[in-house]
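Shared between the two complexes below is chain A, which pairs with chain B and chain C, respectively.
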Partner chain A sequence: MSRLLKFFSSIRLTVVLLGLSVLLVFLATLSQMDMGVRGAQVKFFMSFFALWQYPLGLPYGASLHWIHIPQLGGWSLGGLLMINLICAHFRYFKLSARSFGIGLIHGGVVLLLIGQFITDLFQVDSSMQIELGKSSNFVSRFHDFELAVSEPKNATTESVTAISTSRLKPGSSLQVGALPFTIKTTWFEPNTKLVTDRGPNDPTSTVTQGIWTRMKVGITAADVDNSMEGANAPAVIVELADAQKSLGTWLVRAGIDRESITVGDRTFFLEMRNERQYLPYSIELKNLKHDVYEGTDTPKAFESDVVLSDPRTQLTRRFLVEMNEPLRHGGLTFYQYQMNRASNYTVFQVVENPGVWLPYLACFMVSIGLVWVFGFSLNRFRERQA
Partner chain B sequence: MTVRPLLWPVCLFLFSACERADTVRHYDAPRPAEDAPAVAAKSAPAAGDPHAGMMADFKAPDLTDTAPAGWVREATPPRVENLLRAYHVPVENSSGKALLLAFPPGTGSLETFSDYLTLTVGLTQLSKEEAAKRITTATLGGKSFELITLAGGDAANPRTAMGACLNTPGAVYFTLLSLAGPEQPAVREQFQHWLASFQPGVVSPGATTVSTPTPAAPSVAPSAPSAPAVATGPVPPPSGLKGWKVPEGWAAGPEKSMRAATLLLPGVDDKSFSVIVSVFPGDLGGALPNANRWLKELGLPPVASEAEAVALAKPLGLNGLEGSRYALDGTPRSSRILWVKHQGKSWFFKMIGEAAAVKREEARFEELARSLSF
Partner chain C sequence: MKKHLPLIFFLGLGLLIVLRALSLPLREESAKKNPQGFNFAALAEIPVLANGRIQPFDSMARNSLLILRSKSTLRYEPAEGEPSDYDKMGPLAGPFNSMFGRGVTLPATVWLAELVLHGEKADTRPVFRLDNDQLISDLGLTRKDGFDSKYFSFRQLRGNLAKLEEQASLAGKNKPSDRDAYQQSVLKLYKAVQHYSQLKMTLLPIGFEGSAQKFLADFNQSREAARANPSGNFKDDPVFVAFLDKFSAFLEPARFGVFAIAPLTSPVPVPLAQTEVTKTWLKSGEVLSGVEPISASGPVPEDLQARVLRGRVAEIMDARSFDPAATLWFGLADAFRDNRVDDFNKTLGELGSHLKDRAGPAVRKVPFEEFFNRFEPFYVSLLLYVILFLAVSVAWLAGSSRCLDGARALLVLTFVLHTVALFSRMWIQGRPPVTNLYSSAVFIGWVACFACWVLEHFSRNGFGSMVASVLGFSTLIVAHHLGSDGDTLEMMRAVLDSNFWLATHVTSVTAGYAATFLVGFLALTYLFLGIFTTKLDAKLTKNLEGMVYGGLCFALLFSFVGTVLGGIWADQSWGRFWGWDPKENGAVMIVLWNALVLHARWGALARGRKLMLLAIGGNIITAWSWFGTNMLNIGLHSYGFMDAAFVALVSFWLSQVAFIVLGYFLPARFWLSPAAVGLKEKAETSETTDSGGTVPAKV
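Here is the complex of A and B:
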């Protein structure tokens, strides 16, 4: 047996990896003070390596912030644990009727790890907001933004070029085939706040077109809010240029009205917004109900009475979406999320997770495996008794 | 076989290193009914804004209105929180849009919303003094409105915005009419007719604590159709407070999200007048942001530093409780604020209303303060 297989199948490795996992959870929990739940999740669990830093929010944070501890990330630990389990299985277990149960248990645990990895990679959280009596056919990502360049095609449709903020790196230039201009990013911040007085170095001083040339307020970078409910307002300054000349420089910020741009005889709209995904079906809000427990603001019941229309399957069906009773359709799950009676709209949290069934399958395998193993032990016990 | 397990992390690493999502996408989508209004800026509050979470659960009493002839109710732009109505306003050779929004009581006055209006017409922000000069008051349909009209844009593309604010005990209603063109008297007349038609609804009975009624129920603008349903009788202390003694003549107001309690006080005319009790973890960023928020509510200039904010405060002086108190006088409104820091939380007791009424109730506010038991 090779030394490599011995190493990877070692029980010592299992103990070390489990110990590191506990440490990772502990350190990531501490880091939530500085970076929020979502930030800690991405940095420590959805990564191969992470460098932990003493949080400023802890006692003596300012003086101990220099302390760094390198850590294996969640993906590394999960992958190594999976390899450890597979190698141990090949090393110690022989195929037999009795060890079939052990194999099922190990298979279930491996499936659980794979399921979590798939969830990390592919789960997408979005929201869908629908006004009472209206319908919607798109979802908006909670934390991802895009620069949308739209051009009206006719009275009802527009052509959209959506550029992820990951492409808006200062100094980068983007030539998109459908657009008659290049987009050069000169400034980008993932979160910004407005300031009442513009200093001499305010980014808006470079803006030559649009509403920001007429406003007195300035803009500055703000700390990115990584809490689960955090609302960031990214902003970008872009210079648009056609083949001959610069068309001007615009500042586009999330939450601000979109800018109108005329290039020759064509009109475009420029907007920073939550990344959208259009669906091949629509959901109409027929009614909503928002009850609270008497004498409190504690929600008692959120209910959205909706009609789902899917032209692909000629499906038109009424659903009642309420807390813990989501609507599932087309690979998406619509959970009741928020409601505003003043404006008569409802908001669904929309989750897309292709690995959603893997944990159920894994638990089923582990359960069968345990029954199998304990069944054998029980049988052996009864044989000895006889 | 011995090397095969090592392929896993290599494959996983390569896979995760790939760009999984398209970073530039092209698609056709339905056109929005009209460009979203500039007030949408409010829907992305800055992180740390203590009001940021207020809006999502705010339950404003609805308001009935009658749109002038020709106005067409529009699909609500979904990004605008607390929007009750949106109308397309037909204007010759131009287009207009009217919005009606509802905010929690105490959100502010028309000056608070003036940034929206300036943004709409492309003007620079108004200073408090400039805003105060331009804001007028008028009684329309028996209700007192603050009004403002702003003209902006440029010679080729003039823009006009008319704003109005109606303060009621149940909500602050803010309206905005924007025109892509110069001001038109006919539209102004339509706007004012629309405002006169406003009939604020009452706070829903389910949101009001009704205990044993007594004949000595306080009168909060009893003749005004907009007066909310008011709870009468003994007012229990909010959760987390062991006890208090609510002065005679004060009553429990409607429950609101983000508030521990609301007390309604006899006011002047139909202006809202209340003591708002709220509790937050921590100190909400210290004295500076809190003091400036309270100053802004009264139209007073902000202070520049934490030291100035602290200097505004006076000792709490309540049975060993930690905290401070503020007495802020503006025109026409004043406020008295108790900021009690207890077990890591900040308790705010804020009396805000017409200056004369606040002064009149000051002794009873002190009576309430001295009765607080944590």
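Here is the complex of A and C:
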């Protein structure tokens, strides 16, 4: 047997990899103090290699921040564990009642790893906000933004051209769709904050059009917030130009009212917003409920009473979305996420994950396998006792 | 007969303790029917509504004392010649409290009765615990002024409340993690004073004087007059202003009062509330000045306040009569203030039967909860675990199997009591066993105790009993500390309000913690016996290894299934199977660690002593997962920051690391049983079978 196979199938490697995994999970959890759950997830679990640093948020953070520990990332450890497992089965395992259980366990573990990998790559998290009595047909990405150029067509319809922020590279010029102008990016930051006094080098000094020419506040880059609830406010400065001349320079920032632009007899609106995905169906909020326990502020229940209308299948149905009771439709799942009863709106978290069924299967396999194998052990133990 | 002597002795001792604990609530039952002095025993059972649940007055009192002074009873030094109406209150004092310490015990119910019925009377009781020297001196006090150098009364604090408020608002501006010990004490005391003041105005406004029942009569008269004389111009109408005066006196109690006293025949929806609230009970202030829609903690928009007020005045003007429960409570206050014992007891009887009729099945668990409070079965279990420890130690020292039989019987008794306690809690709350950190500690102890009983049943060598005593005791102590900041039967937040997932996910994860701890403590016992005794022989070692192996298998099974069920719950509720939340990471660390130890054993990388040392490592991981993750204060599972717990956690970690280092490096000559732990002997070998696993070599 080749030395390589021997190495990759050894149980010693399993133990070492498991040990490294425990260490990785522990250190990554500590790092969440500094970089948030999502930041740590990307850095440590969705990577092949990571350099851990003692977090500032822990006791003595400032004086121990110099400590660095190199780590194999989640994808390396997951991959190696999988190789290890497969080689070990290839090398040792023969069909017997007991090894059937072990096979089940390990098969399940492999599926879990694959499932998590698929989730890492493909899961998309969005939200949908609906006001009472209104309906919505799009979801917004939690953490991705887009520059939207909309042109009203009639009272209820707009034609929207959306440009993902990844295409807004300073210095690049874009001609998108049928827009009668080009969009030249001169400045872009994925997160910004406002400052009260504009310095001489403030980005706003180049702006010639829109609300920022009338405001006193300036703008500056901010650290990207990677916490679970973290909200970033990207901003971009664009120069629009038609065939002949420049139309002016605008600053567009998330969370600020959209700017209107007139080109000939057409009016456009410019806005930085959470990236939207339009759905072929709509959801209307009929009623919402936010219960608390009597004599406390502890929430007891959140409920959104909605009607889903899907013109494709002519389906119109009423659903009650509440905690632990999501609405599933067309590959998306809508979970009750936030609710504001004073302003009468509800927010759903909307998730699309093609690998969602894998963990269920995996867990079923592992659980059966564990009971199977330990059943054997217990039986042997009892026989010895007897 | 003689051979059963140890069994009779240990079991008898255990039973004696249980009976002693039971005798008090039983005596109290008779005291209730035949009161001498104020019938506080009956008052303890009066249901009130607070924190979203109906509970006995006694629970309200105990949990309030916990908030103020981290203990559920109150001790004080009676002043010279102080007349005591409460002398006959023996049974209320709790089974073992009166045996130790200075001063006399004032039962929680009696203290709360003083505070609620006659506020000024309670102001001299040393209920505020102050541990920070700087804070004590800032409040113009010295340790000498305090009872036991740390408990102070409201009267002692009263002069310096402005200073406290100023410091608290400073401390409140800091992030929790940036607050120093002084600021934490300030905020804690501030919260305590707030709670105290709110309790004081729960029935009557602060500073209320005269007869409460007469006030009610005046109120009615004033209202009739205002109604009969609607001049149209309310502002200047003296009759209306007189009514409004009385009405306004109860606005603060309506908003800030801690518990509700009057059940309604039909629930009323609360208009204008920020959240959907349906009231089934009213506070005393609400009975007099209308239903309060604004929560005590939230900010109040001014226009809302004005609208609310108009609505409430109209509501009260229309009402015909006040709720009888409020009238009776006011009668209680009058009788208590005037020291009219017979009137007090008579009114109390009427109140009790009125509430039973009015609230019906909603209050059926209240007397049991009160009994549970008094019986304190977890406390009694704690004592039994100590006795169990002593019993096993004696048995081992004497090398007597009879004594071991006695210890085993005691183990069963302890387990039964622990079970009764756990299921009582579950019944009172109507929930699966684990709903918060407190109950997880109780449950871990219970699972461990059960597993130990099973182990002891098979091996009969005392190991199960020993580990049960240590784990049971430690987890109940942890629970005791966790339960020291208020009601442990709190309501579940909406996200967690799912009995199915609480029963499956939370229960199995917690059982996984318990199994991992069990294995770790078995390994610790092994280490102790190996170093300090000559008892550890080959047979015992083999036996112990079997136990550890079995325990590891169960630990892996429970922690894996539990973690996965958590993933499924998260997928059902939030649309993600796995979110890398600290608590989830903690759970997966336990799974990985147990898998590691088992693979190390199967691969013959760690056997005997080394396997035991790895098992001790499980303690470190589990403690992290159970407590450490909550201290990070991030994610869905964080229950709050706990400073003192951090020190405890780090100490526990260090101790475990020390044991592992000791077990690994200690040379053979320092072990009293070196052979059994594999020192001096040749390293073990193992062979691989073709079924892939490995067969254990001889140890």
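As a convention for this text, the second predicted complex is superposed on the first by the 336 of 386 C-alpha atoms of A that agree within 3 Å, B and C clash if a C-alpha of one lies under 4 Å from a C-alpha of the other, contacts with A are read in each partner's own complex, and residues count from 1 in each chain.
Simple rule for what comes next: contacts are C-beta pairs under 8 Å (C-beta built on N, C-alpha and C of every residue); 3 or more make two chains touch, one makes a residue touch a chain.
Nothing here was measured: the structure is a model prediction, and the numbers come from that model.
S.K.: Looking at the superposed three-chain arrangement on chain A, would you call chain B and chain C a clash or a fit?
M.R.: clash
S.K.: Go through the superposed model and pick first if A:A233 touches only chain B, second if only chain C, both, or neither.
M.R.: Only chain B; A:A233 stays clear of chain C.
S.K.: Touching A:L80 in the superposition: chain B (first), chain C (second), both, neither?
M.R.: After superposition on chain A, A:L80 lies in contact with chain B alone.
S.K.: Examine A:L315 and indicate which partner it touches, taking first as chain B and second as chain C; both and neither are also allowed.
M.R.: Once the two structures are laid over each other on A, A:L315 reaches no partner at all.
S.K.: Is A:C363 contacted by the first partner chain B, the second partner chain C, both or neither?
M.R.: In the superposition, A:C363 touches chain C alone.
S.K.: In the superposed arrangement, does A:F302 touch chain B (first), chain C (second), both or neither?
M.R.: In the superposition, A:F302 contacts chain C only.
S.K.: Where does A:S99 make contact in the superposed view: on chain B (first), on chain C (second), on both, or on neither?
M.R.: In the superposition, A:S99 contacts chain C only.
S.K.: Based on the superposed arrangement, let me know which partner A:I11 touches: chain B (first), chain C (second), both, or neither?
M.R.: second
S.K.: Between chain B (first) and chain C (second), which does A:Y335 come into contact with in this model arrangement: first, second, both, or neither?
M.R.: second
S.K.: Which one of 133-141, 277-285 or 295-303 is the stretch of chain B that crashes into chain C?
M.R.: None of the options clash except 277-285.
S.K.: Across the two complexes, what residues of chain A are contacted by chain B and by chain C?
M.R.: 290, 292, 294-297, 341-342
S.K.: Can you name the residues of chain B that touch chain A in the complex?
M.R.: Touching chain A from chain B are residues 1-3, 5-6, 8-9, 12-13, 15-16, 20-31, 35-38, 40-47, 52-53, 55-60, 62, 75-76, 78-84, 102, 118-119, 122-125, 152, 171, 206, 209, 255-257.
S.K.: So in the complex, the part of chain A that touches chain C is made up of which residues?
M.R.: Residues of chain A touching chain C: 10-12, 14-15, 18-19, 21-22, 25-26, 28-30, 32-33, 36-37, 40-41, 45, 57, 88, 92-94, 96, 98-99, 102, 115-116, 119, 123, 125, 227-228, 289-302, 323-324, 326, 333, 335, 341-342, 349-351, 353, 356, 359-360, 363, 366-367, 370-371, 373-374, 377-378, 381, 384-385.
S.K.: So in the complex, which bits of chain A are touching chain B?
M.R.: 2, 4-5, 8, 48, 75-76, 79-80, 82-83, 86-87, 90, 117, 121, 129-131, 134, 136-138, 150, 152-153, 155-164, 166-167, 174, 176, 178, 191, 193-194, 196, 211, 214-217, 222-223, 225, 229-233, 254-258, 260, 269, 276, 278, 290, 292, 294-297, 338-343, 345
S.K.: Can you list the chain C residues touching chain A in their complex?
M.R.: Residue positions touching the partner: 49-53, 177, 259-260, 274-281, 295, 297-298, 458, 490-491, 493-495, 497-498, 501, 546, 549-550, 553-554, 556-557, 560-561, 564, 567-569, 571-582, 585-586, 588-589, 592-593, 595-596, 599-600, 602-603, 605, 621, 624, 629, 632, 634-635, 688, 690-693.
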